[in-house]
Amino acid sequence: MQFLSPEEWQAVALSLRVALWATVLSLPPGIFVAFALARWEFPGKQLLNGLVHLPLILPPVVTGYLLLLTFGTRGPVGAPLAELGIVFAFRWTGAALAAAIMGFPLLVRAIRLSIEAVDPRLEQAAGTLGASRLWVFGTVTLPLILPGILAGAILAFAKAMGEFGATITFVSNIPGETRTLPSAIYAFLQVPGGEASALRLVAVSVVIAMAALLLSEVLSRRIAARVGGA
Amino acid sequence: ETVVVFAAASLKNAMDDIAASYTEETGKEAAVSFAGSSVLARQIQAGAPADVFISANTSWMDALQDDGVLVDGSRSDLLGNSIVLIAHGEAKPVTISENLPLPDMLGDDRLAMALVDGVPAGVYGKAALESLGLWDAVSPQVAQADNVRAALALVATGEAPYGIVYATDAVAEDDVTPIGTFPEDSHDPIIYPAARTTFGGSDAGQQFLDYLKGPVAREAFERQGFTVLSE
Amino acid sequence: MSLSVDIRHRLGDFSLDAQFEAPQGVSVLFGRSGSGKSTIVNAVAGLLRPDAGRIALGDVPLFDADKRLHVPLHRRRLGYIFQDARLFPHLTVRQNLAYGRFFAPKAESGASFDHVTEMLGLGHLLSRRPATLSGGERQRTAIGRALLAKPRLLLADEPLAALDAERKAEILPYFERLRDEADVPILYVSHAPSEVARLATSVIAIRNGRVVRQGPASVILSDPAVTPLGPRAAGAMIETTLLNQHPDGLSELQAGALRLLVPRVDRPAGAPVRVHIEAQDVMIALTRPEGISALNVLPVIVRGIRMGNGPGALVQLDANGALLLARITRRSVGALGLAEGMQVHAVLKAVSVSRQSVEGTA
Amino acid sequence: MQFLSPEEWQAVALSLRVALWATVLSLPPGIFVAFALARWEFPGKQLLNGLVHLPLILPPVVTGYLLLLTFGTRGPVGAPLAELGIVFAFRWTGAALAAAIMGFPLLVRAIRLSIEAVDPRLEQAAGTLGASRLWVFGTVTLPLILPGILAGAILAFAKAMGEFGATITFVSNIPGETRTLPSAIYAFLQVPGGEASALRLVAVSVVIAMAALLLSEVLSRRIAARVGGA
Amino acid sequence: MSLSVDIRHRLGDFSLDAQFEAPQGVSVLFGRSGSGKSTIVNAVAGLLRPDAGRIALGDVPLFDADKRLHVPLHRRRLGYIFQDARLFPHLTVRQNLAYGRFFAPKAESGASFDHVTEMLGLGHLLSRRPATLSGGERQRTAIGRALLAKPRLLLADEPLAALDAERKAEILPYFERLRDEADVPILYVSHAPSEVARLATSVIAIRNGRVVRQGPASVILSDPAVTPLGPRAAGAMIETTLLNQHPDGLSELQAGALRLLVPRVDRPAGAPVRVHIEAQDVMIALTRPEGISALNVLPVIVRGIRMGNGPGALVQLDANGALLLARITRRSVGALGLAEGMQVHAVLKAVSVSRQSVEGTA
């Protein structure tokens, strides 16, 4: 007997894909927004900050509902995008979008904290050596905040692996396309006798997330050792 | 060709079996998306590519019909269900009527239900208690869960001594005993309507809808305790 | 290329109002702790935007409050050696050194990597990271990093404070060579009189955010009325020519009719050599003393006497056109009956014209 | 006409109470765990780290279910606590517990990052001046990580305001006791036409969370100004 | 109370193996950048646990590898003045200063807050935060903070490197007073010969992690065979008694038959005064020179001559029991025909026995 059925494997694979894409694609905007919030002053800064945090504050179902309204095939953003062939609704891409948005506040917060911890005098030193702001960012700030980025990314990844409410509300729970691990777990929990199956899937998702966590610890320790010496 | 079915989550066990045999017999895939009826209905309103929708209550199906996203004439009442009073562990059966001493049975403890203002099982339960004249006495003690299974879990763990759930939910849980079924006339009939949506491909949807009314599906539904309404 | 600074700036209670010209060569900003030296350097570097005024390097304006011009720091191409090294903790010493080089125009020439690492004794540290370096090693790396960026102006904020005397002596010549060989003006903050005396082309004395005195080092350091470096460090700066090398390790220098014997200066005959003679290393004798260990005894004329508040006095001496300062006691002024115009002898020990105050200009 | 019904006001007040308590009470253990993870080496460190992150990884419903099993009146932890008069089941205290646990990974991550950014040489300096580890922590580390604590706390608070799945599963939805804003919003979303009511409540929860966010920004800026000078 | 250190430790390629005793007074750790000075100080402070050996302060062991003893740093009660100030950024200057005081035993006496702030010129900075301080202001605050913690041992890692000469001159006396008045040994890292000469009771010379020479400052600094401070700073340390004050701002000192005129020393007659005479400030004359500005001309006997590699030589002179060093050229050694046992005159300028090398012991 196999530990997981083919359908369950499919859910595992899908969840991994969704979480990975969600994390990877939200990194660039996450870093950018974190930097803007940490270092710049601009009108609407607090609004941006609030917007970023919204998915954390709202019940996930509400976020999912808003996503459905906005990015659905009839939504104000989803419709034009659909014309361009970019469809989120009821696709795994939509699951990734939902996961990315739900993880975004975690990502941004973590990165922002570590940007704020970077000594601006080091960046000044890089500036005097001829590095433009962008270069300073790439060669000094970015390497120094790597542990923070890693921490943020792992949080976002873990969140993406566990995200359920917004995902199921936005893209439903279609096997092979949008049925992620948590959706599968949810479905099992809705019917008599589903607990055992649910627990198996929970175990799988815990193992994956723990592995990611451990990896990030090891990486971040290695980075710290490089920077901190010893 | 794959048929996409949006089905209320409480149908999962039966629908999984039906989808499997459907594939076996027709060679076509059936992808069933399980979620709360409200979630699925909203998605269909937003244009979800569902061929068939099976709701756990009539109100959401009514709403879709008003929106004009259902294929005319495809709607039918597929299944029926009943709600039962369950108790934690072993317990004696009771007769559910106006005379049921539910407040005394509860004492200071809680009565577990699904959300009485939203989730179908909770709505039916509340209506039943109201028509029996018990609601006012027990309502302060009602613990509402976000779905029937969560309410069931409250009773299974003993957190709440009693609960109201679907008959179909009560059967498989060892730690609870159904001690009485609510009279059919104490609440609106519990009906699971099914219909095709205008966003689905017509052929596959109709074929699956027919299959749901066939003998294989009937057996699967009945195995889970549902009443099959379609002829 | 020269740097001109004219800025006003407030920082809390502190107000800066500084005007000065830093000509080609090394301009030393000199003043006590908290007088505003780092603030000025930061303004030049572009780290700080002054409230008002202008800063220009040669014809190139770097800052002009009226024109709302503020060249961003990375376009100024200034090598800044910070008081605190500010090495990049995530980069090795080698990568730190190479950092600025990467952004420098490839076409321009500059100090070679190998040269700089060798001179600063960094060779064995190249693969280390800053966290494991000692304070001095860190500062040496910072100096190398700035040098390798091919800067148009070098800013050094007490770059040697953390170094031991030997390292200082090793690194100072490189600043001198930069001053003399490259077209790179250096704005140098220092507390150390020996560094000032040795390096300064011009001195800018700062007090409480104001420039209290500025001018060529030779003028300021030889002026008995100003002793920006404290009485001990007052002295004369004399431009000489290397005459010849003696076999016992001494070099003979000439300035007009003046002859000086100093510890060996490694230059060819004919090379110009600048020597600094501290006032306290000069004694005055009425007659030429005989049987004495001092090698340099010069006939001089007393040009001025300035009595101090304490027991000391500064005497300005004219040695055939070259001005010397002697710091002696007021008692001796009286005992010797010194007066302006008197003909006396200046006794200076050869060794007091130390290696540190001798350097060549190529 | 009032904007909110009395019952809805009750939900708002309850959510605030739950979120505040959840945040405040999880701060001490959060700081402690963050410190342990940032600075100490001990066996089981990775296990602790994993455990802290679990609520992030698991679908909230699962977390709620596990809480029910553990902290229910008959659970292995809940039963002895109940004897002491500490009851979580069906109480707002249970909602606070659920919110605290769901927010814990966010809190710990944020604090941990800022602890890692504290220069240990400052702590050494405090040690040479006679401060014991505890004093060093209280007088040097803690003040320096205040922005991180604030950031973590606001994340946790926002999360607590939005938490739904674990809360309703653990303590269900009892008006006045455990019906938090998200539970109320969820209930509205279950019925056709409930969107408008749900949106009103969403607006309330957004306003509250934004206010908290803004407050934390202001505070954290003030702290930064104190520490960073200028 | 004296500090005894005997430790071995490895750091990457660097290995430390140091044994020394630091008696009451100021022990200066002297050595070039990267030689291991800070590492030793860190081991004493308890910031670093050496691989092997032991450290004790008086009878109290602080570290003993064999006994697995490692007193935690906060129980060692050592005031540590770091090379980088390490002020607490979230506290005001006042709070930084008061920090250690809070943990010190209330019963014990120590420098008063007002005294320390005044001496270090911190009065107007008390409500500021470290981020707004200049480098020197920061270091002064760090010194004050350590002093106010009532330490049993003061560790100072180049505490004055960032200070200007005037501040140095202001702060040094306090270290001296600490050395002389309080029962607080001081382990002091310095690159600056003038600080070493002035402060050191004993000198510990470090090279590559090894102690190459240690002993009382007066012995090490007067020994022509060792010039730990570089040839320029070699000199003699002479214990004298203040004889009387002259009206023209000079003080007369006596050491046996020796008389010295130095700039005024603010002490009562009879007070002991230690003077440091740098070898380069001493000239040798065969006959007593007349009509010369130098006030101190002492009959001396040549005790030893050490030729250097360069043009210089060090001559040890016996002035009635007090040993002097003179640094002159090899040429002069030849010209004057110097030899051991010869009777000559040492010429030292009064001003060269500067205020900086004169200090009293109460």
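Note that the chains take the letters A, B, C, D and E in the order they are written out, and that residue 1 is the start of every chain.
By our rule, contacts are C-beta pairs under 8 Å (C-beta built on N, C-alpha and C of every residue); 3 or more make two chains touch, one makes a residue touch a chain.
Which chain is which protein? Per UniProt: A, D = Molybdenum transport system permease; C, E = Molybdenum import ATP-binding protein ModC.
Please read all numbers here as calculations on a predicted model, not as lab measurements.
Contact with subunit C and subunit D alike is made by A, E. Taking the CA centroid of subunit D as reference, the farthest chain centroid is that of C.
Seen from the C-alpha centroid of subunit A, the farthest chain centroid is that of E.
Separation between the centroids of subunit B and subunit E, computed from CA atoms only, is 90 Å. Centre-to-centre, using mean CA coordinates, subunit A is 56 Å away from subunit C. Averaging C-alpha coordinates per chain places the centre of subunit C 26 Å away from that of subunit E. Looking at subunit D, residues 61, 65, 164-165, 186, 189 sit in touch with two or more other chains. In subunit E, the residues touching two or more other chains are 84, 132. A complete list of chain pairs in contact reads A-B, A-C, A-D, B-D, C-E, D-E.
Residues of subunit E touching subunit D in their complex: 45-47, 72-74, 76-80, 82, 84, 86, 88-91, 99-100, 102-104, 129-132, 145-146, 149, 155. Contacts from subunit B toward subunit D in the complex involve residues 36, 38, 41, 59-60, 62-63, 110, 112, 115, 117-119, 142-146, 150-151, 153-154, 157-159.
Those residues of subunit A that touch subunit C in the shared complex are 121-122, 124-133, 135-136, 139-140, 143-144, 226-230. Listed in rising order, the residues of subunit A touching subunit D in the complex are 46, 49-50, 53-54, 56-62, 65, 105-106, 109-110, 112-114, 116-117, 147-148, 151, 155, 158-159, 161-162, 164-165, 182, 185-186, 189, 198, 202, 205-206, 209-210, 213-214, 217, 224.
Against subunit B, in their complex, subunit A makes its touches with residues 61, 65, 68-69, 72-75, 89-90, 168-169, 172-179, 183, 186-194.
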